[in-house]
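Okay, so chain A shows up in both of these, paired with chain B first and chain C after.
Now for the complex of A and B:
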């Protein structure tokens, strides 16, 4: 059990996933997750200040090899205002966020029907203040993040029933310090990002008992292989590694790089693109 | 352990009946980053999948191939999509497909594609009744599965048939009987009662609210420290625009450290059922609720609200200390605005 962040071990863990060693992966089973894994790995390394640990040209080549000239993000918007993820047609607010995020990074937000998009997000808000994957679905912290972050990008945070949502988010912290995704469920490290980012965007991050949450995230590190798992004692994976690190960065953990909670990318990149919104993280501690 | 059928089969590259298909490797020109060490079976099957996608083949053997891939990797959404297109092109019997999906869904309950495929099939078969039974069975395995509950809501809303809706309250009640803390079940109840229109027999909305109040109070009495039940209560009061103070008589005993003395146990007040024996008191949610009642009353009640929030911050709900301190600060702002 560790009480400090094992940066070298996590860097080594991520490098091993990339094929540096002949380590067999049990987590990533398909090319569809590979793009996710590249993003999670790169962002995790950047947060730790080791963005050069993976080959930059190889990553760019890989991403560009997945380029589809014909695909059009805007064509994935449904009449309801929701977004499908692909031609298979499943709709979910997480795809809505991906679309809004991507369009804003590409400087093409003006092409989006903002009212239609915001109207759909509104329909996904529930009686308890949270947001679900589709209209009518149960509130879930991951969908609170995607809806709040989308509204932040669209400058429409005024849509949110703030007192109820604030309360719902603060209720995610359990006495053991970890965060859950919905009432009466277990804590999981990844909610360190989904919940924290929403609170950060809403400027309420100070409500979290940060020392207890930090202790929880650090206790979920794997001291042998590196990497972070969903909770102490389980196998690590790159998904929980990046979101645990993202949570620690927002909490002001020393030596980590500042992270933009709207985009889950380093703040410097987002600021250089002129996309920074009015969120607040905790002050970075020096020790 | 049973071996899946495909492990006993030769690779597609070794099957003469597949010799006419040109398999395509995943990496044509790019050196792989993060190379994944696929099994031979998976690489072989997906090579042949890429081959038939390129040629546009939609045939029974494509159904066999896509089933093979889905069994190895239920997240392969391209395989799902192509399978669906093939089923449509072949006019395959969709009830058989649903039966196959019954088996896969149980194994891969947390996979989005399994549920979306079902949605597509049921939109074709227009036979939602058996789906509700299927959903109930899968929920026995994983009672809070997000996709399963969302799929149930979709079935009900999409077909919007009174006959389908009519058993929902019983269904939710049975799920809550197994686990009164099932947040998905509580959410579903709210969806059925308050967010899906008014059905025959439920036109008297006041009666509906009275029924629901009795229901949630009873469940709170059984297990007071249950966030989901209290959220349901609040949501319902907000929806029906009932001020929280109307629940004061019910909530007060839950906000106190001791069970009330002198109440004969055999007398049950249906309006205000008391906390069950062995309940851990005070119940944090009840203290919060009482604080909200006093806050809404304003004036001198704000002092009481502040005391209650302090008790939460310092004693009963210390993990949320800063949130409770925020509530105190906010109410002081309101107070001084009122005084000024």
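Now for the complex of A and C:
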């Protein structure tokens, strides 16, 4: 267990994912997640200030090799306002966020039917202040992130029942410092980002204990191979590594790069595009 | 990767594992290449259909292959099949994915594939030249059973709950909503901590109130009694408290608010360190202040004292209690 962030180990861990791990079965079985893994790895490295640790051209070539000329984001919006993930139509607020996020990065938000989209998010809101994956579904911290971040991009945070949501989000923290995603469930490092992003977009990060959460994330590091796992003692993976680091960045952990909680990308990139919203993270500490 | 214990591996063990895995990797990669190249060629044959099944049994997360499988059915197999054959094919798909679900209860693509199958069951068989809808009826009824078995295995699996709501809302012959209320009673009775079931209960009740099937006033009182059981059984489990807060709502009913405050106060006497008793008392007294007794200094003082105790008892949320305390004075 370590009480400080092991940056060199994490950088080595991520580099190894596209190197040594290629010889393992688990690498091939996760081929469908390759695009996600590129995003998670690159963002994790950028937060640690090591954006050059992976081959830039290789990543760009891979992303471009996945380009489907016929796919069109707007065609995925359903009559209800929700978005499907693909042509076969599974809907989830995750896909709605992907659509809003991508349209905003592309400068094409004017093509989106905002009222219809917001109306669907409203249907996914619950009495506890949170949001679910579809209308009627139980609140889940990851869907709170996608709905709050979508509303932030669309400048519609007035839709949120803030006092109730703050209460629900702050109750995600357990005595051991970790956060869970729903009432009476176990803590998990990835909720560090789902919960913190929403709290920071709404400027309420003080409602949880940041030093206890920070200690929890750090305790889930793998001191030997690098990487962060869901809970201390478990196998690390790049998904929990990025969302642990993202949480630490929002908590003001020293030396890390600022992360934009709306887009989960480095703040400087979003600021250069003129897309920064009014969120607040904790002040970056010097030591 | 969730909940996989870390284990140490020596370089020798790792090399051995790689050797062992090599033939599996080669086989898997060959199968993947075969399937993806057939997909590219728009091969809608039975052979291709079989191959997607083999691949999905090894890796049920490979969503591209699920999509390809559906396209083979739509473009290659259905056009050459009678409605009865289509029904049999889809029933087989449902059986195959039931097995897959038991091994992988949280894989989105499997649940998604079942939805698609259900929606594509033909209207037959025909009786006196009229579609009887019997196939649909049988398949949708079975689905509710599958969702229930999945919730028996993991009562908080939100995939299964979402799927259950989808089935209930779309089955050809809808079930009475009161039976869903009974289902949530059973799930909550089995475990008071099951917030997923409390959530479903709140949604079901709103439906019953809005359609006039239940009297909102009487039914709310019944719910207060139901939930107080759970509160007394485990006052530190937040599920029932969250539900209780929903029942109170914005606190327009003064008599109800005062009655519940009194009951929680009595519970606090028995459990003097109960965070959730204090937390709820503060919230309900604040509602009383906002709606019914704007200048009550006594209520403000009581809230202030409770918030101070909460800040000591539950230090991780210290600043929340401080903020609420400050709001009292404004």
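Here is the rule we go by: the second predicted complex is superposed on the first by the 278 of 287 C-alpha atoms of A that agree within 3 Å, B and C clash if a C-alpha of one lies under 4 Å from a C-alpha of the other, contacts with A are read in each partner's own complex, and residues count from 1 in each chain.
What we mean here is this: a residue touches a chain if its C-beta (ideal position, glycine included) is under 8 Å from a C-beta of that chain, and two chains touch if they have at least 3 such contacts.
Since the structure is predicted, the reported quantities are computational estimates derived from the model, not experimental observations.
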Task = Give one word, clash or fit, describing how chain B and chain C relate on chain A after superposing.
result = clash
Ask   = Which partner does A:133 contact after superposing on A: first (chain B), second (chain C), both, neither?
value = both
Task = Classify the contacts of A:260 with the two partner chains as first (chain B alone), second (chain C alone), both, or neither.
result = neither
Inquiry  = Under the stated touch criterion, which partner chain does A:173 make contact with: chain B (first), chain C (second), both, or neither?
reply    = both
Task = Give one of first, second, both or neither to describe whether A:38 is in contact with chain B, with chain C, with both, or with none.
result = first
Message = Once chain A of both complexes is superposed, is A:62 in touch with chain B (first), chain C (second), both, or neither?
response = first
Task = Mind working out whether A:214 is in touch with chain B, chain C, both or neither, as first, second, both or neither?
result = neither
Query = Looking at the overlay, does A:188 come into contact with chain B only (first), chain C only (second), both, or neither?
reply = second
Inquiry  = A:222 in the overlay: touching chain B, chain C, both, or neither? Say first, second, both or neither.
reply    = second
Message = Just checking: does A:235 make contact with chain B only, chain C only, both, or neither of them? Give me first, second, both or neither.
response = second
Ask   = Common interface residues of chain A with chain B and chain C?
value = 24-25, 28-33, 86-90, 92, 126-128, 132-134, 136-140, 166-167, 170-171, 173, 175, 177, 182-185, 206-209, 212
Query = Which positions of chain A touch chain B when the two form their complex?
reply = 17-19, 24-25, 28-34, 37-38, 41, 54-55, 58-59, 61-62, 65, 85-90, 92, 126-128, 132-134, 136-140, 166-167, 170-171, 173-175, 177, 182-185, 204, 206-209, 212
Task = Report the residues of chain C in contact with chain A in the complex, numbered from low to high.
result = 1-8, 17-18, 21, 24-25, 28-29, 32, 58-59, 61-64, 66-67, 70, 108-109, 112, 115-116, 156, 158, 161-162, 165, 193, 195-196, 199-200, 202-203, 237-239, 242, 245-246, 315-320, 323
Ask   = In their shared complex, at which residues does chain B touch chain A?
value = 26, 29-37, 42, 73, 75-78, 80-81, 84, 112-113, 116, 120, 144, 146, 149-150, 153-154, 157, 181-184, 187-188, 190-191, 194-196, 226-228, 231, 234-236, 238-239, 319-323, 326
Note = Touching chain C in the complex, chain A uses residues 23-25, 28-33, 86-90, 92, 126-128, 132-134, 136-140, 166-168, 170-171, 173, 175, 177, 182-185, 188, 206-209, 212, 222, 224, 229-231, 233-237, 239-240
